[in-house]
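As structure tokens, here come the structures.
Shared between the two complexes below is chain A, which has chain B as its partner in the first and chain C in the second.
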Partner chain A sequence: MAHDETRRNFLHRSGQAACAAAIVGTGAVLARRACSGDAWAIAPNRCVNIRLGVTGADKVCSSCAEQCVLALSAVRAVNQHDRCGRCCICPAYFDVRSQVGPDGLPTKKLCPRDAIIRTPIGEIDPYDPLNNFYEYTIDDEKCNGCGRCVMECKDPAGLGSIRLEVRYDLCLRCNQCSIAQACPEDAYVRVGPQPAPAEALEGGHA
Partner chain B sequence: MKFRHLQTLSGRGEAPDQFQVRITALAVAADDRLFALGDRCVKSFSSAGELVGQFDTSDAGWSIAADGKTLWIGMQGRVVQVDFTGNVIAAIDDPGRLGRVTGVAVAGDSLLVADATHKSLSLYRDGKYAREVGAKANTRGFMIPNGVLSAAYDRQSETFVVAHPQKHRIERYDRGGELVDKFGRFGHDDPAAFGGCCNPTTAGVTPAGIILATEKAPPHVKAFTADGKFLAMTPEDAFDPSAKNQAVAADKSGRVYATDSVRGTIEVFQLTDASQ
Partner chain C sequence: MQLALIFLATLSVLGVSLLLPQPATAATAEEDYARQASVAPQPDDIGAGYEIPPAQRVAPRAAWWYVVDMALLAAALVVAALIAHRWRRRWMAVTLSLASLAYFGFFRGGCVCPIGATQNVAAGIADSSYAVPLAVLAFFMLPLVAALLAGRVFCGGPCPLGAIQDLVLIKPKQLPPAVDRWGGKFRYAYLGIAVVLAAAPAAAREFPICRYDPFVGFFRLTGPATMFAFGTALLAIGTVIGRPYCRFLCPYGALLGVVSRFSWKSVSITPDEELDCGLCTEACPFGAIENMRAKRATCLACARCFAHCPRQQYAWGEIELYEIEQLTQQAADKPTDKKPATRPIEEPVA
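After this line comes the complex of A and B, so read on.
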């Protein structure tokens, strides 16, 4: 009898806990997705990694990489290739303060996740390896948006071709984005629902 | 040797000695008068730093060189020769070949024209196109992510001096357009080396043959002997940290002028022995 009572109590309590967990979980999901049409964006004139006038590895803000609820942040670096100088010694690819090797290039890479791929454009001139352009591509399966490369590429050191972007295909559009809450510069902003696609092309025929 | 900061000229504003939008190039004439090109005009300053003249240009200018009693001004697709009051003497109109002329250097009847659009150097003799310069040594053209290709003439060695930013070096060409020397390498800790992705950004030469090379991020002017030995560097705080592509020129008394692209100023330095 005592045994049955204990078992009933246990089942009762378990049921309550399960219900509570379900309610809390649903609430959390609802809260996270309460504004599922809203998008978050980085204001480039506020983010310390992007805005002009802030330089230096010690100033890099890594909140976008560290605060996102996703295991690998929804914020990633993007290289806008038409703006890139395709430099041989790219300060976003190399740690330009590391020791210079016998080939005249810095010996260390900047990206802590080795997420930048450097590919020569055309054949390398064996007599003058500096005589070449390189394409720099971000491996978005490795990048976590830590912002180091963005800080180094920005004007005046680089051409500012690498920037941080919220990947809308990955972002969960949390109602209370944890990056927005942590951002020290109020640079992580809600940009509202994405507009519905136009039904008719502007200026097109009816 | 060292750079001692003497004074600041011009700046951004409406005053007669200031530029409203941009200051792009500097040249020093044989009488040590400084000519500063910016907006759509040229302003001249005495060696004491006083504004002594001004004239308008027909278009926005990107580069300037002094030769005897005339100036050559590089524009989009053309180079114009004017006297010190702005009267046009001659012009090379070559819009099919030339884009934005961000560097010009004069050696008697020869003119080396640095074209940032096509990333190439063109040599003109007596106003006529003679040949492309530097293509043999730089088969992919000049690598100038900063968007500026500069050129200067060294009277001492009778060579043209060119900054090649992405190769981290200064190149020297004879009057026939052949590469005769180069110096410089990438590096961050040694002041003789050029750091970042693309330095030196521009080059100049003093009348005594000292090579001046400008750097961005952080901005400096560096002085080198004719054979590339490092001599001196401007102080850390001489320019706005975001300044780049500084125009540079020097006079016979060792004054070195360099623009600050952010403040719109001309910073004046004296290149002296370290003991002074």
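After this line comes the complex of A and C, so read on.
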């Protein structure tokens, strides 16, 4: 009986030591190359909607809008105002292939959810439409990140001021992100575990 | 001849006029297209006192939130260990479960949880270019360390998945021990599959534990319909059969079970001298009490057994000394005492 007890005790101790060694070992190996935080981000040069060289709303990829587990996707279009051309006929705001109306502007809007707000800046000169400026803001509550405006606002017609970005206040940081799973270009990356993507567009003017 | 001369003269006049600068028309053209097409206009070009608004961005989650998460997890593990080994009160365990459900479940949204972190760790070990975030590593490690010291206190305390199941367990029925034993083996298979898929090369990497997580949809109040169906089914079963996910599915529970087999301290049901009345065995919804002792590997530190122990009740001053004998006698009189695990649980006698 006493012998049995020591045997059990020995096994218990050995198991304890083995578990401790495994925990400390794994922890040490992984902690040495651990990263501090983690967040999902879109790699602009991989995303088909953002990267240069692809245009046309028919080539748009709307995985971000459709795949997110949230009702309203955690991805949205963001207009970088300092790079916006503030054009009168904005190819991201208007559907430039639609019928031109009596005011000389296309009659249809590009955004299927009407999430872009167009505000004139200063006085509008009706005889000089091309030199008027408009501010384009994206309605946070309407935009679902479908990427149509992003696709249109780049070379040759646009300046590439609109990009798809993750809204970190909504993103749940799912361990297995469904957008990343569905992204055809592997453009949805987990920064931290993976390196941060480059911001500047390859082949762009700025 | 004359006609040809006139024609040449006209041509030369036209040519000269084309070569000459055209001040009037050139000026209007420049006015019309004053804007450079390749550069964004800045406030000076726009005029009207316009200021460029900032881009509508939200910063990623601040780093100190991860510190808060880790500190709260560590604190919850310590509290759970104290409940299981010293304070022994069920209401404390319920309170801790509710708090964990609120913070780690609903507030934090569930991700990355220690259960899912198993996959990140597996990916990190297999792929040296995959960095596991420090907070995720801590979330994986802290419950394991706690398990080595005090048993599966993570399951009974901070785990939001455990808490949501524990709180719906209204009418616990015990399962035959064989079902518990063999059903529990499925967790190891699930763990194995998850580790293999997570350790796959980056292109084929898959996190099945997260994909088939049944409860995270409840915490976020949004998610795919299949997830809600699975979660609701588990919760419905969980009203009668205690914690089905923990006992038969949870891969991290399997890992914690292995470690807690060798835990430094184990749950001892009676506070001092053992009574061996078997009342605790009846009280355990998880079949974790065998031969009137809590099994290290399956005990989830829920603190239900303590409240059913006559000696514990006496120690708390809830019953008199003579009542211990009455209670043990009642337990002994029951016909199927030999197989307490197959018997449905009675209402608490106290």
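Quick note on the criterion: the second predicted complex is superposed on the first by the 149 of 206 C-alpha atoms of A that agree within 3 Å, B and C clash if a C-alpha of one lies under 4 Å from a C-alpha of the other, contacts with A are read in each partner's own complex, and residues count from 1 in each chain.
To be clear about the criterion, a contact is a pair of C-beta atoms (placed from the backbone, for glycine too) under 8 Å apart; a residue touches a chain by one contact, two chains touch by 3 or more.
Just so it is clear, the structure is predicted and the values come from calculations on it, not from any experiment.
Contact with neither chain B nor chain C is seen for A:67 once the two complexes are overlaid on the shared chain.
In the superposition on chain A, A:130 contacts both chain B and chain C.
With both structures placed on the common chain, the touch criterion links A:159 to chain B and to chain C.
Look at A:91: by the touch rule set out above, it reaches chain B but stays clear of chain C. Between chain B and chain C, C touches the greater number of residues of chain A. In the superposition on chain A, A:78 contacts chain C only, with no contact to chain B. Chain A uses residues 85-86, 128, 130-131, 133, 159 to touch chain B in one structure and chain C in the other.
Taken together, the chain B residues at the contact with chain A in this complex read 138-140, 143, 145, 166-168, 185-188, 195-198, 216-217, 219, 241-244.
Within the complex formed with chain B, the residues of chain A that make contact are 52-53, 55, 85-91, 96-97, 100, 104-106, 125, 128, 130-133, 155-159. Looking at the complex, you find that chain A touches chain C at residues 12, 15-16, 18-20, 23, 26-27, 29-31, 33-39, 69-71, 78-86, 121-123, 128, 130-131, 133, 135, 137-138, 140, 159, 161, 165, 167-169, 172-176, 192-194, 205.
Taken together, the chain C residues at the contact with chain A in this complex read 31-35, 37-42, 46-48, 50, 52-61, 63, 66, 109-112, 116-117, 119-121, 124-125, 128, 130-137, 141, 144-145, 148, 206-207, 210-211, 220, 222-224, 258-259, 261-264.
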